[in-house]
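Pasting the structures in now, so scroll down.
The following pair of complexes shares a single chain, subunit A, combined with subunit B in the former and subunit C in the latter.
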Partner chain A sequence: MPPAGILVDGLVQSCIYMTMAFGMVLVFSILGILNWTHGQFYMLGAFVVYYAVTAAGIPFPISILISGGVIGGLGMLVGRYVIERVNVPGLGLLYVTAATVALNFFFEGGAGMAFGLEDKGLYNALPGVLDLGSFSVSYQKIAVVIFTLVIMVAMYVVLNFTKIGLAIRAAAQEPGAASLYGVSVGRLSIIVMGIGCALAGMAGAIMAPVYGVNPFIGGLPLIMALLAIIIGGIGSLTGAIVGGLILGLFSSIVPYYLGYISELALFLTVITLLIVRPQGLFGVPIRR
Partner chain B sequence: MKKSYNIVAILVTTLILSVLIATACGPKTPAEPVSTGPITINIGVCAAMSGPAASYGQLGQETVDTFLQVFNRQGFKVSNQTYNFNVITADDQANSEGGSAAAKKLVYEDGCKFIVGHWTPNFKAVQAVTNPAKVIFFSHTGADAVPGPGGYDPKTMPYVAFPVAAHEVVVAYIFGIAEVNPNYKKIGIIDTVLNKGIGWDNADKQMDEKGIRYFHQFTQPNTANYAPFITKCAEEGCDFIFTSDVAAALAIVKQRWDMGYKDMRICCAGPITSPARWIQLAGYDAVQGLIVSSGAVWEARNRPLNADQIAMLQETMGLLADKHNGSFTYTGWIPWTPTQLFILSQAMQKAGTVDDTDALMKVIRGGTFDLPTGQYAFSGAQTYGSPVVMMTGIIECQIQGDKEVYYSQYHLPPLP
Partner chain C sequence: MKFGNYRKLLPKIVVGLLIALIFILPVFTTSLVTLSKFVQIGFWAIAAMGFMLIMRTGQISLGQATFMGLGGYTSAVFMVKFGLPFWPGFFMAGIVAGLVALAVGVVAVRAGPIAFSIITLALAEIMRIIAVSWEPVTNGSKGLVITPPTHIMLGNFEINFATSAVPNYYFIVILVAITALIFWQIDRGRLGGIFRVIAVNPTLAEHQGIPLTKFKVLAFTVAAVFTGFAGSFYAHFLGVMSPDMYGLWQSIQALMMGIVGGISSLVAGPIVGAAVLNSLSDILSRLPVYSIKPTLFGAIVLLVLLFLPKGTGLIDLWRIFWSKVYKEKPITTDNTH
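So, the complex of A and B:
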């Protein structure tokens, strides 16, 4: 059994991968596309919270919400003016992939030029550690877990008990039927894009004090979110949560035992899962 | 009539030839005096000016440009002619493709016969351009530039020399820590798997021979979460963690503090840009006691210091402080381009040439040079086939408050 500190660390990693994966699956369920810019929204969210706290003096918790709002708005703009325009019948998936990959590099390079390449830190946002006997955990990491719980509960409430949540679930299941019932699927797509990107932005914001901020922090969360989706099942929100949980624990426990070959073990596991159960844990079975 | 024309032609031709010969052989009036101002030699530097390591590349360019303002005031003389250096920096993006492109630009567009101060991990790509062009390339030893199977072959790379034995010097940091802390328990070593190979195998062997207690772990590149590795070090009883990567050191400094391992001291083989920045990034308390590399050569103890060179370096630090609101503490630039320009200028003086790279390499290989902390020699004697490496030493400092304070130094014996 790994030490308790490793399990807690794994839980913190899980929280971020869950949040990122949830946002990606939400977008996928309505738009049918994988947003390759998702990692850069994480990065930009971290920069928003950094400048909100250090330059504007806004308290950290409120800065996280601001980060969500700003990045959600940016996501809506990307959805409206980029994805909607290139998502044409036939080759839409290819065009959207190309566009979002290009935006991925654009945002990374743009952030480097706008904010500089040096690391930035928010160590004094929620400083201090909680001593739990055999290990300690920082208040920043505790905040990550609390934030994720709040977000997941909020998303559960929105998706299951609000009109917009009902519309989202309807459009995800049957967009044609949903539009017959008066759901504006096009407008809903933009809103969902905003929500998904806001989740990524807030994930970056809550992690900014833990690992620091620079233009290159978006790559790893994107890859891990994708892997979480594959493990959980593309299109399944429950799968995104479970996949994120498994991946986070894996990424903390396996390096503890295997060191640098943990990534090899991770990818072998994912490949094996794809062969044995290609739809993931909670996805719809694929009929050949 | 025709006969008279021939006579006239002969007479005119003879007259013209006579005048020409008289002009050539006659007394000359003194020529106007020719300007004897310094001649500028272009020196190339391949450095990361973009990407995650860009801050060091950009800082390196600024420090070298300022150093040259001081160095070129006097310049150096070769055969009664004064020379200055002009450093041209090309962005190598810290990768092989960028290194190759940068080297080609410096060699073929800028006409550089020397590339110095190289610190990025693309040795093979750069030397593949410089060696065929007979361009002298000063680099650092490391994972891709270790003699033998490690990528450096002195026989096929005769224009390469290593004024910075970066990998050999890694053990010097560890030996320095052990010397200052004789009762240490164990030193945890965390490094990226990119550096795994002959370099670390050699280092491990040296540490075993010296009886150093250590625990070695490798991580994937771009690792952000060091918690598993820090936990392992704690379980192994490590009271020090050493890493050769500055980015890793920054992450480990903070994460080990957050995990409650406040007594675990962190040591980094690289220099930091400034204690104030690290305090801002990782927190004041977490950074206290951090041990890092220092280029503050004037602090070297028990070494015959070169007063002139140190004066130049300290004047440069003063000019940099003026540019940075009165405070500039980064000394990591000193062991690289400026020190290597000292070596190059002395090599040119000894060889009596500024552009015959064969003659210069003959002087460099096995040659002894005056550096800020005394005299050091390149290995390789005078023959091809053995590595040309200069074993200097390291100075470590520790962070106390917001300052870097001298901690230890260690000098390695020269290679044969």
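So, the complex of A and C:
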């Protein structure tokens, strides 16, 4: 059994991967594409909260919401002016993948040019640790877990008990029928894009005090969220959450035993899972 | 028409002259700096062609750097650890890259196009980790120091790769030419049609009795073989092979060159894209601005995707140019491929 600190770290990482994967799958369920720019929205969210706290002096919790709003707006713009324009019928997947991968590097390089490459710390946003006898947990990590729980409950409520949630579920299940009942699927997809990106932005914002901010922090959460989606099954929201939980714990517990080679173990596990079950844990058989 | 269809002939003459110029370029300059830029462009052109061949089947590979690195490492290990000359290692590079692609492709293709992108992305990362941590064979992050291809004797005439850049230049030109010919034949033949129908309408393809997995894996493997050849030669040209040479950015560069050149064109597009982006990259790396390269490359790809007609790229500007010059009906482009 690894030390409790490692389990806590794994849980914190799980939370981030869950939030990221959830946003990506939400977008996928409506638009049928994966947004490869998601990791950069995470990075930009961290930058927004960094400048909101240090330059504008806004309290940290409010900055997180601001970050969600800004990144959500940016995501809507990307959805409207990039993804919608290249998502042609038939080959939309290819064009959207190429466009969002390009956008990914555009944002990463742009952030490097605008904000500089060096690490920016926000380490005193939530100072203090919670002493639990044999080990202690910083308030920042507790905040990450609580934030994720709040987000998940909020998303559950929104998706299941509100009108827009009903519309999202309907459009995900049967876009044609949903539009017959007065749901504007085009507008809904922009809104969902905004929600998904806002989740990524807020995840980046809440993690800013834990790991620091630089233009390259978006890559790892993106890859991990993608692997979480693959594990859970592409298109399944439950799968995204379970996949994120598995990956976060896996990627902090296995290195404790295996060290550097653990990434290899991680990828091989995912590939083995795909051999056994190509559609992932919770996925429906693939529509090719 | 009296003099034959010169309007159609003239573009062909221009292209022919360009190709002839490429073949006689060493007459004008033999400087290592200039020719190594062309070697670089040729290497990237092959990588981008491989990417486009995979994209023909409706999948996006984000791990082409895997096969560049695999090719380089195979022949480097053969040379350094087994003491073999360049040529067996060169052919083994293609074979090993192809075998790995075959094994991975069978798994990745079955999981669907989105998972394919993610798995190829992860594959590149796996290869990097193996290259760093398998020290007895790959020498870890220190890398392997290798020599240029062994010299060839043609009668009394010696082709020595080590002393001059010219043989290296001709090597890559011939490699690009062979790759281009094979890919061109694939594209215009029955196989190209099969690839397109798989990409555009997989359901129809399946109902026509086309085994999807088989052809998708085939495209992936063929692309990997040629990328492996190119990677092997390029490693020997540079004289060093280390794990940091091929990462995510290199895979993405293959994507960007292919897309910028033109999605509808399998051979000419990647060559043009590689030439344009590589020259641009040379200029940008002299500027004292950090991370301007990914920003600008990303922006160029986005502009091409957003503002040129779907399915076209820079290579199609050339066609539109000729049709404008001769007041012909402009070539309409459909967005099927």
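In this section, the second predicted complex is superposed on the first by the 285 of 288 C-alpha atoms of A that agree within 3 Å, B and C clash if a C-alpha of one lies under 4 Å from a C-alpha of the other, contacts with A are read in each partner's own complex, and residues count from 1 in each chain.
As a convention for this text, a contact is a pair of C-beta atoms (placed from the backbone, for glycine too) under 8 Å apart; a residue touches a chain by one contact, two chains touch by 3 or more.
Worth saying up front: this structure is predicted, and the values here are computed from it rather than measured.
Student: Output check: A:Ala99 vs subunit B and subunit C. Expected answer is one of first, second, both, neither. What do you get?
Tutor: After superposition on chain A, A:Ala99 lies in contact with subunit C alone.
Student: Once the structures are superposed on A, label A:Phe135 by its partner contacts, choosing first (subunit B), second (subunit C), both or neither.
Tutor: Only subunit B; A:Phe135 stays clear of subunit C.
Student: Is A:Leu249 touching the first partner subunit B, the second partner subunit C, both, or neither of them?
Tutor: Neither partner.
Student: Touching A:Ile234, do we find subunit B (first), subunit C (second), both, or neither?
Tutor: Only subunit C is touched by A:Ile234; subunit B is not.
Student: Contact-wise, after the overlay, does A:Glu263 reach subunit B, subunit C, both or neither (first, second, both, neither)?
Tutor: both
Student: Would you check which partner chain A:Leu117 touches, where first means subunit B only, second means subunit C only, and both and neither mean what they say?
Tutor: A:Leu117: touches subunit B and subunit C.
Student: Scan A:Leu34 for contacts with subunit B and subunit C and give back first, second, both or neither.
Tutor: It touches subunit C, and subunit B stays clear.
Student: If we overlay the two complexes on their shared chain A, which of subunit B and subunit C does A:Leu26 touch? Say first, second, both or neither.
Tutor: Touch status of A:Leu26: no partner.
Student: Have a look and say if subunit B or subunit C is in touch with more residues of subunit A.
Tutor: C
Student: Enumerate the residues of subunit A that count as touching subunit B in its complex and touching subunit C in the other.
Tutor: In subunit A, positions 112, 117, 219, 260, 263 sit in both the subunit B and subunit C interfaces.
Student: State the interface residues of subunit B toward subunit A in the complex, per the touch definition above.
Tutor: Its residues touching subunit A are 50-52, 54-55, 193, 196, 217-220, 222, 224-225, 227-229, 231-232, 235, 247, 250-251, 254, 257-260, 273, 277, 280-283, 286.
Student: Which of the residues in subunit A come into contact with subunit C in the complex?
Tutor: Interface residues on subunit A, with respect to subunit C: 34, 82, 85-86, 88, 90-91, 93-95, 97-99, 101-110, 112-113, 117, 215, 219, 223, 226-227, 229-230, 234, 260-261, 263-264, 267-268, 270-271, 274-275, 278-279, 286-288.
Student: Considering only the defined contacts, which subunit A positions touch subunit B in the complex?
Tutor: 3, 5-6, 9, 13, 112, 117-121, 123-124, 127, 129, 131, 135-138, 140-141, 210-212, 214, 216-217, 219-220, 251-253, 255-256, 259-260, 262-263
Student: Show me the residue ranges of subunit C that touch subunit A in the complex, using the header's touch definition.
Tutor: My answer: residues 55, 58, 60, 62, 107-108, 110-115, 117-119, 121-123, 125-126, 129-130, 132-133, 199-203, 206, 212, 248-249, 252, 255-256, 259, 263, 289-299, 301-302, 305-306, 310, 335-337.
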